[in-house]
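Next come two complexes, and both contain subunit A; in the first it sits with subunit B, in the second with subunit C.
== the complex of A and B ==
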């Protein structure tokens, strides 16, 4: 993280009169604005503007081809009271998140602990775990769709050699989401692992030495030294992983297309379907804002809860 | 001193950013223009001085780069004959096609000549975005009567205007693997057609005889996919079932006849194992499928599969012997607010004329009588055979097909039906229960 003083390094240490310093500060302020202006302008034109426009769109019934009409809160009313599929979608999304986030954090932390050792050949394993991250999600999902085929997929073919008839992995209301969770886990382990690896490297060795002298077991050292000291990274990982899994789309779109039935409809898939398949852009953006509020609330809860479990914050 | 450097540096930064932005936007807008002359062979056909400046027509297609090249070659013939007109072929992936077209239509950047397929035609036609082409009927050289009337139905608006010309239309066909039939010593579908015995009973018997689990061979692949409309509609109609009434105001699928059809497909997947289970990606090109229902244009892919010997046949006859086939139509329209209506119409005529359709007949089944029934069309490739083309394509087309009437919110209905069929595919309910649920959930969607 950048310290608070990085904004004014140029005159550090030079003795100047007070007035001159003030003038300099004012001028530097303008340089600062000049430097951030391209970024700010880009943000306002290409992000903030469209966000405001789509919020306005959520109060319309726009379908691209006809004239748009303001219909007030009808989209939101329909979402909350008149759309059973949206409820399924929401619970599927939460189910995905509840399965995905803890598994992801446990696995990535475990992997990072295994891979922090500097023994020959470790680079290979780190690269192997990270490689899926740089693979396109579309390619990844298509390959796994073939692996999980009902009768002719790799997994069921292997099971068959042991005399087991595998289930229809992606054509089962119960299995479809867990299968997508497994595929997503394998895809995304690397990034969180890298964050944890960096955090583990930052834990000073002297704490471990002190713990060892006090007679702590390796488990206690992990529990009382490692975990508290990497808790800021844990916080970051939890937050971005929850946000990411609330927004899951690519693997669902490719592997199940929301099916079978509506058993893998997730929020972003439903937004896509409403807006781009049914041309209900107004309704689609309304759901997008509901998702936004949900993610915002989850993040705020974590943000204000962080003081209870983050022991060390810069 | 340092201040001056900082000032200079920030000035440089701003200038370079600004410059990058402006060249970026210029680059974006001029790029198509700079590439066009090479497309059109401008050197050869430079317009005579005083003839006015070049115009550029945009035309959209879906498909892949090979198809784009094919279109560009044909377009070149058009631009060679029409100096001063450039044509840009816009390739849009099939999956994104309807979205992209609507977004372009909404932002007034739609292509001048636009290729549409049956599921999206009604919505765009009724949104009053397309040009009425009725006047083409008065052009004897163009000969609109040569185009199958049943394939034009979908382009007739409520005001009976004609909002497009079909370019590719015809029945879905049944591809069959000749090797697998020969290995089992079975009569091919076309032999049975000629005997007058190509019925669903024979079809099911053949499928069972072809299936060989030890070789991973399936008799047939029709059921269990994600496109129920293409897969099942013909069979529904030949059993006397229907999806909607004529003007798509009533949902009719909950009937004993459709139950019979769905049960038949269900048994193929889960009782006789003659059809791959839902979720399987095995393709006809692998040589492990006896019979496969697909578009005629799929034969181009099948021909590329090494060692695959195949032919095409019509679907079997059901209890309703004279049921129409389900006509999958796509064709060209001209956007109403195009800047160059005359030139765009000329391009549409070029593609949908006898000569134009003949140029594409290897890929797209031509909805013109004179082309479809020509010797050239029947004998174009070794596979499918001339006989297969006659039995599966030309004869049904002369008899006339039918397009599914598509209600306004067809997409919702389509998705809803597919989602409910998934309940069958996961074996979570009986056929009757699923049809009952369709009745409850689809009927209210028809306004």
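== the complex of A and C ==
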């Protein structure tokens, strides 16, 4: 509603009309730029600049030995048609993701449903499920490497007391990735669980009451009330988790070093090896740029998917 | 009535059973690390596994610090994490405040630009940055672990988190002060920042944790062992192979206990921060 003196606001008789406001605004503008400037410079120097440079470098043969040359699409051609290790790497990364993401979503959602109840001792259980999240991935992977050791590792030692000879977990082509998946799952359950817990808390109680009055079982209430209402979080968590699994590195570096053979080579491990062990910067950037494109596409799906696919967003 | 009650109790018991299994699996590796760190070397790998060390050898920790300069790695990790955390909080809260509360042209564009950096993975920019930092002569220093961590993707998340928080503070609060001639800088420093303490706490904890546990960047940038951070030192020792299990676990404890302590003290902020990253 407009007051009678909207045109001429005066405060305590002082002249604070448009002129002063304009002055304040001009001042505010410069402060605004100054405040975002460090982040903006950081963006250009450490994110945008390097990603453009990465694109440019991927068309060269940049390494420590040869003369720097522009080689066009050779790195990409080599990557997709001449390098069996990269194909292994891509399929391993995909395999890891396909195992890791659905298990992660189901387990964390299930856990969140269990932990949502306010029953005595819940604080302890939440804290326990969270402890691995704060532990360094390096420490976590080292512990599990010991636990999964073939001779006298904790698991095989326990199996031996039951008279079973455990397999060589980390030295088996078939088992290495599933073992790393299990270790990664246990490390990160708490993260998605927390996001789901927050989402579940936002579901209004009255919907459950309405469902109960209508005679819906708890199972049906879950499928028809809870799940649709938390679908935005579900979608977001799925995308974040997929992106995270494309970048899996620490546990691979520590637990398997890509082996046995190339059976646990994943994208970041391959980038690391090409660029920082063999100093093949040109080829390394080509693979790093492929990773960027994959993550860019996933992020775009996430952003546009949220708008199109989800009906319940406030 | 009685049978219904029984079903209820049974359900509750099952509930606790499942949660206990999860807690057990989550804590057993940490327990195992803790006990192995005080075991005699001869008892690290025995069948059946020894669940309570006998004897307790606290002296393993003395041995660890005598053999390896772990105090140095600890100090490196600590000062890097403190600098990164302080820097991120200042820079991100300033930008977050400006984007939420000040009006200037291109503001939304700048915010979107910053947000878009979340889709640029650290690993994809690592090679050009490495070459560039090599030319600047700062490879094998702590510079690449500190400055890009503050002004790069980590800071961007901070900007987002702080903006969300500042949006919840009513505009009238700042406007009154502005009309009275308070500059945006003073307003930010004296009014907005103190109000933002909960958000700053959340951001600090997440940033500290991220920096303390960071592995990829130290791995590519640090070559001299006296510059190592704890995760890098641990990784290098597993590579060498010669380090014995109990010392390895003692070193892992040194890396883990401080961060677990921080976590137990500030759980609420931590879990809030994680779930914040899932909101919008």
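By our rule, the second predicted complex is superposed on the first by the 264 of 314 C-alpha atoms of A that agree within 3 Å, B and C clash if a C-alpha of one lies under 4 Å from a C-alpha of the other, contacts with A are read in each partner's own complex, and residues count from 1 in each chain.
In this text, a residue touches a chain if its C-beta (ideal position, glycine included) is under 8 Å from a C-beta of that chain, and two chains touch if they have at least 3 such contacts.
Just so you know, these numbers come straight off a predicted model, no measurement behind them.
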Touching A:35, do we find subunit B (first), subunit C (second), both, or neither? both
Which superposed partner A:164 touches (first subunit B, second subunit C, both, neither): neither
Of subunit B and subunit C, which one contacts the greater number of residues in subunit A? C
Could you look at A:106 and tell me whether it touches subunit B, subunit C, both or neither (first, second, both, neither)? neither
First, second, both or neither for A:261, with subunit B first and subunit C second: first
Please indicate which partner A:145 is in contact with in the superposed arrangement: first for subunit B, second for subunit C, both, or neither. both
Should A:87 be classified as contacting the first partner (subunit B), the second (subunit C), both, or neither? neither
Now for A:66: first (subunit B), second (subunit C), both, or neither, which partner does it touch? first
So, does A:278 touch the first partner subunit B, the second partner subunit C, both, or neither? first
Just checking: does A:27 make contact with subunit B only, subunit C only, both, or neither of them? Give me first, second, both or neither. both
Output the subunit A positions appearing in both contact lists, the one against subunit B and the one against subunit C. 24, 27, 31, 35, 38, 145-146, 149, 151-153, 276
Subunit C residues touching subunit A in their complex are 12, 15-16, 18-20, 22-23, 25-27, 29-30, 32-33, 36, 45-49, 91-92, 94-95, 97-99, 102-105, 107, 110, 113-114, 117-121, 123-132, 147-148, 150-153, 155-156, 159, 178-179, 183-185, 188, 209, 212-213, 215-216, 219-220, 230-232, 234-235, 238, 245, 248-249, 252, 255-256, 259-260, 262-264, 267, 270-271, 274-275, 277-279
Which residues of subunit A touch subunit B in the complex? 10, 24, 27, 31, 34-35, 37-38, 64-66, 145-146, 148-153, 168-173, 257-262, 273, 276-279
Please name which positions on subunit A make contact with subunit C in the complex. 11, 16, 24-25, 27-29, 31-33, 35-36, 38-43, 45-51, 53-54, 57, 111, 114-115, 117, 119, 121, 124-140, 142-147, 149, 151-154, 157-158, 160-161, 186, 189-192, 194-195, 197-199, 233, 236-237, 240, 247, 249-250, 253-254, 267-268, 271-272, 275-276, 281, 284-285, 288-289, 291-292, 295-296, 299-300
Where on subunit B does subunit A make contact in their complex? 2-3, 6-7, 10, 13-14, 17, 98-99, 102-103, 105-106, 123-124, 127, 129, 216, 226, 276-282, 409, 411-412, 415, 418-420, 422-423, 425-426, 428
